[in-house]
Amino acid sequence: MSAVPLTLQLLNFCAALLLLLSFAMLSQRRVVNLVNLLAVQGGVLLLATLLLAARTGQHHLYLSAALTLGLKVILLPWLLHRLIRRLGVYWDAEPLLNISGTMLVGVLIVVFAFGLAQPISQLASTATRNAIGIAVAVVLLSFLMMITRRKAMSQVVGFLSMENGLFFGAMSATYGMPMVVEFGVALDVLVAVLVLGIFFFQIREQFDSLDLHHLEALREEAAERGED
Amino acid sequence: MSLELLILLATPLTGALTLGVLGARRFAPELNVGFSLLTFLAAGALAVRVVAAGQLLVAHEQFFIDAFNVFLVTLTALVGLTTAIFSRPYMRVELEHGRVRPLQLRLYHSMYQLFMTTMLVALTTNNMGLLWVAMEAATLSTVLLVTLYRTAASLEAGWKYFILCGVGIAQALFGTILLYFAAEHAIGGEGVSALLWTHLNGVKGQLEPAVLSLAFVFLLVGYGTKAGLAPLHNWLPDAHAEGPTPISAVLSGLLLNVAIYAVVRCKILVEGSLHSALPSQMLMGFGLLSVVVAVFLLWRQRDIKRLFAYSSIEHMGIITFAFGMGGAVANFAALLHMTVHSLTKSAIFFAAGHAAQKAGTQLMDQIRGLITLSPTIGWGLMMGSLAILGMPPFGVFASEFLILTTAMREQPWATPILLAALAVAFAAIFGRVQPMVFGETTAKRLPHPPALLPVFVHLGLVLGLGLYIPPYLADWYRAAARLIGGG
Amino acid sequence: MTPAQYSPLNACLVLLVLWGVIGVAGLLRPTSLRFVGRTLFPLSALVSVALAAVAGWSLGVAPERAILAIGLPDLPVHLRRDGLSSVFLFLLGAASAGVSIFAAGYFRRGHGTSAGLQCLQYHLFLASMGVVLLADDAYAFMVAWETMALSSYFLVTTQHGLPEIRRAGFLYLLIAHVGAISILLSFGVMQGGSWQFTFEAMRGARLPAPWAAAAFLLALFGFGAKAGLVPLHVWLPEAHPAAPSPVSALMSGVMLKTAVYGMLRVTFDLLGQPVWWWGLVALAVGLFTALYGVVFAAAQSDMKRLLAYSSIENVGIIFTAFGLAIVFDGVGMPMLAALALIALLYHCLNHAFMKSLLFVGTGAVLHSTGERNLGRLGGLIHRMPWVAWLTLIGALALAGLPPLNGFVSEWLLLQSFLFAHEVPHTFVNMLLPLGAAVVVLAAALAAYVMVKFFGVIFLGQPREAALARAHDAGVLQRLGLVWLAAGCIALALFPTQVIHYLRGVVRQLSGADLPAQTAPWWLLEPIPGRQASYSALVFLLAVTAVVLLTILGVRLFYHQRVRRADPWDCGFARLDARMQDTAEGFGQPIRHIFAQFFVLRRELPEPFDRAPRYRVLISDRIWLRLYQPLAGLVQRIADGFAWLQQGRIATYLLYSFVTLVALLALVL
Amino acid sequence: MRPIELLTQLLELAAALAVAPLFLGWINQCRAWLQNRGAPSIWLPYRGIRKLFHKDAVIAGNASQLFRLAPYITFGAMVVAAGIIPSMGTRLPFTRVADAIALVGLLATARVFISLAAMDVGTAFGTLGARREMMIGFLAEPALLMIIFVASLISSTTALPAITEHLATQTLGLYPSLAFTAVAFTMVLLAENARIPIDNPATHLELTMIHEALLLEYSARHLALMEWAAALKLFNYACIGFALFIPWGVSTGQGGPLALAASIPVLAAKLLAAGGVLALIETVSAKLRVFRAPEFLATAFLFAVLGLLVHLLLGA
């Protein structure tokens, strides 16, 4: 173990932390806390990026670290908090699948993800080979979270944590994407959140609630055939 | 950076900005048409140049035009133009009905141009990452258009569109990352170039199969969601039905094509590295599943735009199946089918949109006797439906002819399914369209004459493609088919 | 064109184009009956005559090709005219000439599609049939084929205001489309992986046996759907009554034959070597169709439905001959195969004339009485003698009675059946002669049907007062009727000449041929030495001679006095026209004997009804047992899929998730 | 053609025309004897015909030309049929014109015209008769064709004279298959000629009759022709039966005047015997309900098919 340098240990630690955080989100039912957790996740991501930058000395990593700080640690949580306050949605209703069950499925997903990441890790020359597995796990867990939640807001949080997972995957596997792409992605995420904001207000003024069961009208109901 | 390309990409972008300011003025629709026209001209020039000078690699290799995407670019620009022409009177009527307010009209026009930009970027870029960015941007630019009417249904549709496509596209991003990862491995990590399709294509032989198969799954699920392949299609009918008709037309006619385009680009790489039939089988599976699911859901539609949305899913399925079969003929047929489908389907949406406006409803049971109400709309809808159902001498038949005959030889097991599916589709769609076109009418006339020029231009083109494919076009298709491989 | 480059094929093409031009011309003044009806349609009739002449003249001419510069990139439109095409082109021209000239007098003001548009669709229909017969590659064939279906669909739905007509059109186009896809798949098999869709390449391709069988069966399904083989016949009795009578005449007289043409083309030309058991399949289907069709025809009470079902019967007979030909050809009896094929082609020609004649006859009746229901017709022979007597010719011909033409082809068919026992397969050689019995039963029933058809419409007393105002057909309509009747008679009296031409066609098609004909020109003796001979001409002369002699004798030896009186009323003095036997009554024995064919619903009057009424609803068992369950099945599956789509976004996300995980597991 | 052949032809026609009513008379005679009641004069049919010819024709007011033409056509058809069937000699110049199948067709034509004529007046009875007549027809025709099939399988031709000649000059004279078909043929004959058990020529009770219902509106010369044609039809059927099943005695091959002369008494003998047999059958059997007729004729068809199979099996 001593062979492993400190930064690397720290990186692995961050990875583990990310996984923990996504489980925490999965179990969390208060929307405010969800957002906070998201912010923390961003923070860990930032930390990981900095560590990686320090270790490899690739400068564009600093840039993406800055992006992360600005976007994922400060801007998005702030926006979401404002939305929550303006719309007054603090609690998510009872999730579709109860927490413990969700946890169980989550564990299975983690196993699956690690198994999946095995072949990749074999040939990863980068420092944080085994981090990819975790990235996949985070992505899938956020997916699970989106499936199980009822409030639009928590789905959005899930969506963003999925983005975080992706980001972590990109970094750990390849020291981040080329800058063009990084910016593009960041821009998209930003716009996405803005659009979301507009959405929320529209939905709100339409249904005066963000509960998703309002959004289940468009379905395939029985249609009697005309002449044919 | 070639001039044509510059104009091609810059025009809609400036259009988006300009209309973002002036979009609410009376002349905004004309402006919209103008920008689209300019784009189309640029696309034409580009096509001519590429046909003359072969493929084109510009802007530090960031942009890349070859036979495969150049005809899609032209097609996109053309449909963009005709849709703009169509939306002029259409949105006017909507305005008078008070379904939209001037400010929303501004949003509409600006987003329309932005959407065109993203489409064109996605088609012309050489950078898989940029492709992803453009696809995501396409979603974002259309999602607000879907909710333009602010009705409950449109909001729901928009929300589903946003979430499902967002999540889907996120998978695509992960796939792209894995691709990058593998590429870095093969090429050695000089950052940017490892995402350039041309480079990847060059070294696809050495890409790590294990990674690429994973990457392909993520990419397929991601872009497949946008292409509306079952079971990832659920956003599509809602978004098509609830948005304004011009948007339904471009979503169906362009976005789906571009998504398929992305999938095929990825397939080329993955197949090159895997040397296994896995990707083809996945495509064929998705294709058949989409066709079957779509035709059976067609059977029970009541909303005219939903109906044709499902028919779009069906045709995407057919195209995917054809690409999955591979081989010169099948690829050729698939490309042809992409062309004729987007032309026909947008034409149908134009006609259907006018029909719905005239009848004041989208429910097919309440639309009757169009042929007496307005012969042009009636015949447009009738001919369009017959064309999309693969009735010769329309071009859709030409491609289906090739696809079916190929399937009969290559994948005979699939033909009974296709036969049954096409039969059900015919019964479903024609059984609905016939009473709408024929019979006794109820609705009243409207002040604005319908802009049916686009409808008949499109149908004319499709008809022409059915009877005679000009040599240079055929060469395009052949070259593209060769590019995609198998040929 | 100069005689140097004159070729029948070019001439045919020019004529087809002319049809197209005439059709488009109809759009110039779409609502003017004078222009469309009195000018364009006679012109198109002239074109038809020219086509018939060219085709007839080109029967002996060697096959010729042409390639047009349109079509798919690697597949320009190939055209080829050989004997087979010529026969059917002749059929097309000759039949459509009569129908068009009739149609010229048929147009009326009325809502529905305008005359000009009908003119366009009508001529598109004719031209596409012509192209079907000339096409020499799969794509051109399919395009023409579907254009034919489409144009006829629009003609069927001329009166699209009425729901039942829309329904008929829908059913027709649906089945036609499914059939077309099946034909397409059959072509897909036949191109044998060479990706050459020209018929030339298909002739060259040697398919392994199972593939060849698949191609044949697919083609049988596809063309059978168009020809109206049971159980794919359901569209036919709906579409034929729905269409205007001239169109029904064309659909029944000519379009059904294009399906036969396609079947012959595929089996004997493209596949080359048919296997004998294919013939058994076709034979079985054909026989069943013949019986089914004629039994239902006997039970109908709508005159056009009746004719439609009788068309199904004749298609059945044609496919019986087809199957027989394949069997003989497969077991190496070329002479008999030739005989069966000649019978087949002959019957095609016959049916084209007879059925067109009857349909335009009903058209004339419909035109002057506005009535299609047999229960409201009767006694028209007094009001419309022309139509009546000319229709009688068609009816007798269709009943297969000598000396008219229907008998000739059935006679040839039976002659070839006589040898079935020599087929070197046990069971087959015992069962085949029974097929002959079925054919005869069908023919005899056809006579029954025709007696009902003619008797109820034209004989007896008028069942409605309105019929007193019925007027005979106009000049143009008479011309059409006369032309078709003359065709029937010509085909009846000069079989040897017709067969002389058909022999060449059959030789070209399958290499089989009859032995050299030794009989004199007036005597039909297909296989010399068997003394099985028939001469319609002498036959007719003999009967007429005897009849004339008898009449003469009676006049000579006895007197001519005739008194008119009321018919014998059994002392019940208040007999009126409505007490005549009805069409339903006439069909009653058939319903009784073939009860298991029908699903009957009867409404019998109560003894003390104020307004007693008797109604019988006859429905097609196949429709109830096959098609409705099919629709139900589709509905159920659709509901199943719909259940998956409940609008909850979480569910949709779950679908994506599961798909993702499943695929990942797949590649793992 | 040789004069002798022409002579034969003419003789046959003359015989048919002359003897047909007599044959009818003879059958009635026999039946009367069998039912031991006093027999009417054997010449009665002739008298009836002659009387009818002299009467004034009364025609329904709305009868059309078809109605007046039908009797002549029917009569003509029967005469032509008589010319085809080899009752005395097989070398008939006219027979090449029509083989057995054409003969069946000819009889069918006659039937159709009678039925149409019956429908022409438009009374209930006419249509009823026409309906039943056509029903019997389409049931009987397949059976008759099967019968002819068997015979023509044996002699590999459908020309009636050729069949007769082949059968008559055959050394082996005994065909089990023909035995079956003979039974079938007798049944068809009864049905086709409106005899018991299908129809009762002696009754005028409208609801049970077939043949009489058809002729209900006819009178005078038309009726006479119809009756004569009916007699001819019966005679023809009898002769078909002779030609197929007891062909011996006709002048075959190069048989000269002597053979022809010899064949006349033979024919007479056959007719007498046949009349007796018919009378016997009609006496011992009762009339069936109309809807038993299908079963009756189905049985006939079955016998014919059995004959066919037996032939294919034994080659005899």
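Chains: A, B, C and D, in written order; residue numbering restarts at 1 for each.
Everything below uses one rule, namely that a residue touches a chain if its C-beta (ideal position, glycine included) is under 8 Å from a C-beta of that chain, and two chains touch if they have at least 3 such contacts.
These figures come from a predicted structure and were not determined experimentally.
Engineer: How many hops, at fewest, get you from subunit B to subunit D via touching chains?
Structural biologist: Contact-graph shortest path, subunit B to subunit D, evaluates to 2.
Engineer: What chains, if any, are shared contacts of subunit A and subunit C?
Structural biologist: Touching subunit A and subunit C alike, sorted by label: B.
Engineer: Please identify the chain with the largest separation between its CA centroid and the CA centroid of subunit A.
Structural biologist: Most remote chain from subunit A, centroid-wise, comes out as D.
Engineer: How far is the middle of subunit B from the middle of subunit C, if each middle is the mean of its Cα atoms, in Å?
Structural biologist: 44
Engineer: Based only on mean CA positions, could you tell me how far subunit A sits from subunit B in angstrom?
Structural biologist: Measuring from centre to centre gives 30 Å for this pair.
Engineer: Averaging over Cα atoms per chain, report the distance between subunit A and subunit D in Å.
Structural biologist: Roughly 99 Å, centre to centre.
Engineer: How far is the middle of subunit C from the middle of subunit D, if each middle is the mean of its Cα atoms, in Å?
Structural biologist: So the centre of subunit C lies 36 Å away from the centre of subunit D.
Engineer: Mark out which residues of subunit D touch at least two other chains, giving numbers and ranges.
Structural biologist: Expected reply: no residues.
Engineer: Which positions in subunit A touch two or more other chains at once?
Structural biologist: Residues 116, 143, 146, 155, 215-218, 220, 222, 225, 227-228.
Engineer: Going by the touch rule set out above, which residues of subunit B reach two or more other chains?
Structural biologist: 156, 159-160, 163, 167, 171, 214, 297, 299-300, 427, 431, 435 - these are the residues of subunit B that touch more than one other chain.
Engineer: Okay, what are all the chain pairs that touch?
Structural biologist: A-B, A-C, B-C, C-D
Engineer: Which part of subunit C faces subunit B closely enough to touch in the complex?
Structural biologist: Subunit C residues touching subunit B: 69-74, 138-139, 142-143, 145-147, 150, 157, 160-161, 163, 166, 169-170, 173-174, 177-178, 181-182, 184-185, 187-189, 191, 193, 195, 197, 634-635, 637-642, 644-645, 647, 649, 652-653, 655-656, 659-660, 663-664, 666-667.
Engineer: In the complex of these two chains, what residues of subunit B are touching subunit C?
Structural biologist: 156, 159-160, 163-164, 167-168, 171, 213-214, 216-218, 220-221, 225, 231-232, 234-235, 278, 282, 293, 296-297, 299-300, 329, 371, 386, 389, 391-393, 397-398, 401-402, 404-409, 415, 419, 422-424, 426-427, 430-431, 434-435, 438-440, 466-469, 471, 474, 477-478
Engineer: Within the complex, which stretch of subunit B touches subunit A?
Structural biologist: Result: residues 62, 127, 129-130, 132-133, 136-137, 140, 143-144, 147, 150, 152-153, 155-160, 162-163, 166-167, 170-171, 173-174, 176-178, 180-181, 184-185, 189, 191-192, 194-195, 208, 210-211, 214, 237-238, 241-242, 297, 299-302, 364-365, 427, 431-432, 435 of subunit B touch subunit A.
Engineer: Can you list the residues on subunit A that touch subunit B in the complex?
Structural biologist: 60, 116, 119-120, 123-125, 136, 139, 143, 146, 152, 155, 159, 162-163, 166, 169-170, 173-175, 177-181, 184-185, 187-188, 191-192, 195-196, 198-199, 202-203, 206-207, 214-218, 220, 222-223, 225-228
Engineer: Could you list, by residue number, the parts of subunit C that touch subunit A in their complex?
Structural biologist: 163, 166-167, 170, 635, 639, 641-643, 645-650, 653-654, 656-657, 660-661, 664-665, 668
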